[in-house]
Amino acid sequence: MSSNNVYDKEHPRHLIPELCRLFYDLGWMTGSGGALSIKEGNEIYVTPSGVQKERVQPDDLFVTNLNGDELDGPPKEKKLRRSQCARLMMTAYQKRDPGAVFHTHSPSATFISILYPGNEFRITHQQMIRGVGGRYDEELVVPIIQNAHDETKTIAKMEKALDDYPNTNAVIVRRHGIYVWGESWQKVKLRCESYDYLFETAIKMKQFGLDPAEVPKGEEVAPS
Amino acid sequence: MSSNNVYDKEHPRHLIPELCRLFYDLGWMTGSGGALSIKEGNEIYVTPSGVQKERVQPDDLFVTNLNGDELDGPPKEKKLRRSQCARLMMTAYQKRDPGAVFHTHSPSATFISILYPGNEFRITHQQMIRGVGGRYDEELVVPIIQNAHDETKTIAKMEKALDDYPNTNAVIVRRHGIYVWGESWQKVKLRCESYDYLFETAIKMKQFGLDPAEVPKGEEVAPS
Amino acid sequence: MSSNNVYDKEHPRHLIPELCRLFYDLGWMTGSGGALSIKEGNEIYVTPSGVQKERVQPDDLFVTNLNGDELDGPPKEKKLRRSQCARLMMTAYQKRDPGAVFHTHSPSATFISILYPGNEFRITHQQMIRGVGGRYDEELVVPIIQNAHDETKTIAKMEKALDDYPNTNAVIVRRHGIYVWGESWQKVKLRCESYDYLFETAIKMKQFGLDPAEVPKGEEVAPS
Amino acid sequence: MSSNNVYDKEHPRHLIPELCRLFYDLGWMTGSGGALSIKEGNEIYVTPSGVQKERVQPDDLFVTNLNGDELDGPPKEKKLRRSQCARLMMTAYQKRDPGAVFHTHSPSATFISILYPGNEFRITHQQMIRGVGGRYDEELVVPIIQNAHDETKTIAKMEKALDDYPNTNAVIVRRHGIYVWGESWQKVKLRCESYDYLFETAIKMKQFGLDPAEVPKGEEVAPS
C-alpha cells in the first residue's frame, strides 16, 4: 500500500493527483477548494494552494515532516504555495497519527453545516454508517466547528473537537467543508464517500420534514 | 452471453469489475457499498467486501457453488473477505434461479424506503414500468424489508418477501439499498436502471405532494 | 453532414451508437428507454428495442424506407426487434420530413408531463428558448399527448398534435418521454439539450411556487 | 501561460475546445449555449455561434483585435458565425483588460437570477467567496442585468453594471447566464466554479427558507 519509490503508481506523488481529478469530478475540489495529504514513512505529501486541483502534477506537491517543516517542494519557478489548510491537517496528524488526511469542499458537507446550526451532525439507522466505521443502528455524531477568516482561530477549534470527540474520524467546518482521516488513503476515501452519502440522505430527509437522528418506529437502538 | 473462457471479456471475471466501475460512477457503489454476482454454469462469482468497488480486479472475486460453498477465491495475501451480502444473494439464487443478482446502495432506493414507511413501494402509469417487466398502466409493487445490524434477521425477511411476492424481481432493504435479479446480467442491469428511474420520479412526485400510486384522472387501469 | 459510405464516422451507423452512449450518460436512455433515428438519403436508420442502448453496435440498426418498410436489419442470430417507438417516429418523418427524429426518456421531460396536467407545456422569457428555434420573449408551447399501453392509440394522438401545432418540433408523451425532430441530427441534439434545460428550469421554478409561463414584471412580451 | 505557437497545447486554439468539452459536461454549454474567449497578445479568440460547443475544433475559432475587428476566422465553407455574445465580451475586455472572458449558460446562474428579482445576488459567510477573490466573512455582491431579445439593449446594461460595480469580476444576465472575467483563463475557470458553488448553496438555502445574505448568529462581520 505504500512505497518509497516515486515511480510506483501507488506513491503519494501519483495517488494525490489521481484522487484530485476524481474529487474534482465529484464536485469536492472545484474552485481550487480542498486539499489532500498522504503520509509515506515520515513524510507527508500535501497539495499546493490556489490552483486547479484536477491539474495538479506529481512535482507540484509539498513534502513536510510531522512537525510541518518543509522538506521538499515544487520547483521555485512554479511559484506555488502550500495549501492554507495544511496546518489544520497537521493537527489531525499529530493527534491521531493517521496515514492520510483529506479536506474537501464537498457541497453536501458544507450544506449540512448550514442545516445543523448546533455543534454536531447526528444521524441513525443507516447502513452507510458502517462505511465510516460504525453500526447500522448506532447514532453517528460528527462535530461541527465554526469557520473563521483568520485560520489561527480555526486550529484551536479543531484541536478542541479532536479532544472532545476522541472516536471521530471527521470534523465538519461550518460553511466551508470537511476534514476526514484514517489509517490509509483507501479508508479515508471510502469514508469521504460514506459521509457524503449520509449527508445527502440527511438533507433530503430534512426536505421532507423528517429527522435523520430519530429512531424509526419499530426499530431497535444499538446496544450500548 | 456466457463463457467458460476467462479470457472472454463477457466472462464474469471481466464483466463484474466493469459493472462495478459503472455503478460507482452512478453513485450506487460508493463507500464500498453493494455487491455484484453473476452465475456462470454452476459457479457464482461475487465481489469482495469492504474494498473500493470501482477498483475490483478480476482475481479479487470469490467463486461459490449454489449452496454458497467457496470453490475459489482471491490470492490469500490480498486478505479479502466475501461480501457480507452474499448470503442474501444466495437466497435469491436458491428461490428464483436467476443468472445474476445485483445489490446496490442506490441512494434513490435507500431514500424511497424512508419515504414509504410501510412494506411496499407502489407506483403506476409510468412507461418505465415496462423496463422491469410490467405494463405502463399496471400498479408496480416492490416489497420493502427491514434492515438489521444482525444479518441473520435480514435473511429470514428476504426469504419471506420472496415467498409473499412470487412475481417480484427486486427487494428493497430499508435504509440500506436494493437487491435485483433476472435471467441474465443484461436484464438485471436494465432493471436496476429502470427501478432507479421510477424511484427518482416517485421522490420528485412526493416533493410536489403527488401520489405515485394514484391513477391519473382520465387514465384507465390495466385489465386484470 | 451525410454520407453513403458506411466507413464515414458521420454515417448513421456510427453516429447513432455514439449518440446512444452520450444520451445514456445524460440519463435519457437508461433502462433501454428511448430510440434514435437518422435519415440518410431515402433510408431511415433506427435503434433496436429492449437492449442496452449504450452498447448498440453499428450492425444492430434497422433500416427502413419512408413508409416504414424494412430494407435491412441486424444479423438474425442477434434476435433483435425494431424499436416499438419506430411507428411514432414515422409519423414525424411523414408529416414533417426531418433529417432525424430522437425519442428519449429524459427524466425532466417525463416529470414535466406530470407537473403540467393539461395538454401543453408553456414557458416564456428564457434565453434557452432560442435553442429550440424561438425568441427569448416569446411563449414557447410544446404539446403533451397521453400515453397508452396500446401503441396504436398513441399514434393517432401524435398525428393530431402534429396537425394542431404546425410549428412545433417536439411532442411530449405523458409519463413516458419526448419526441424531437429537425433538419439534421445536430439540430435535433441541440434541441433535446435546450428542451431539457427549459424543463429543468420550469421544474425548479414550480418548486419555488413560480409560474414559468408568467411574463416577469417589467419585461415586455414578444411582438406578435 | 501563453504562447504565440499554435502547436502549444496551452494556445487558445487548443484550450478553448478543451474547456468547451469540460463546460459541456458540467451543463454550462449545452444547447450551443455560452461562449468562451481568451486573449493572446493583442488577439482575442472566440467560439462560433449556434454549433455544438463540445465539438468545436481549433480552426472553428474567430480572432479579433481589441476593437472587435475580425482578424481571422474559420474556413468559409464551414459557414460559421461569430458568437452573438462576442459584443458583450468586448465590453468586458475594453473596460477591464482581462486575459479571458467566459460566458456560460450555467443553470444555477440562470436560476439565481430568477430567485433574486432585484439587481443583485448577495451571499455572505461562505468559504467559497475566497474562490472569487473575497473574504469568508464579507458580503459578496454580483450585479444582475435584464436580458433582452435585442442584444444592443443588453450591451448598454452591461456597460452600466461594470461602471456601477468597479470591483466585480462577473455579471449575471437574467434568465440567460453569466459573464466572468479575470487576468488568466485559469483564474476565470476557478471563478466560474466558485460562483456555481455559491449559487447552488444559495438555491438550496432558499429551498429551506434560509437567507444567504444573512450573517449567521454568533458570527462576525468582515471589518470594513
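Letters are used for the chains, namely A, B, C and D, taken in the order the chains are written, and counting of residues starts over at 1 for each.
The definition used in the following text is that a contact is a pair of C-beta atoms (placed from the backbone, for glycine too) under 8 Å apart; a residue touches a chain by one contact, two chains touch by 3 or more.
Keep in mind it's a predicted model, so treat the numbers as computed, not measured.
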Problem set entry | Path length in steps (a step moves to a chain that is touched) from chain B to chain D | 2
For this session: Just send me the rotation angle from a CA overlay of chain B on chain C, rounded to the nearest 5 degrees.
Result: 90
Problem set entry | chain B against chain A, contact positions shared by both copies (same if over half, else different) | different
Seminar exercise, completed: dist(centroid_CA(chain A), centroid_CA(chain D)) in Å evaluates to 30
Problem set entry | chain D: positions in contact with at least two other chains | 207
Seminar exercise, completed: Among line, ring, star, complete and other, the chain touch graph is ring
Exercise. Which pairs of chains touch one another in this structure?
Worked result: A-B, A-D, B-C, C-D
For this session: Would you pull the chain A residues touching chain B in the complex into a rising list?
Result: 125-128, 131, 135-137, 186, 189-191, 193-194, 196-197, 200-201, 204-205, 207-208, 210, 216-219, 222
Problem set entry | In the complex with chain B, residue positions of chain C that touch it | 30-33, 51-52, 105, 107, 110-111, 114-115, 117, 146-149, 173-177, 203, 206-207
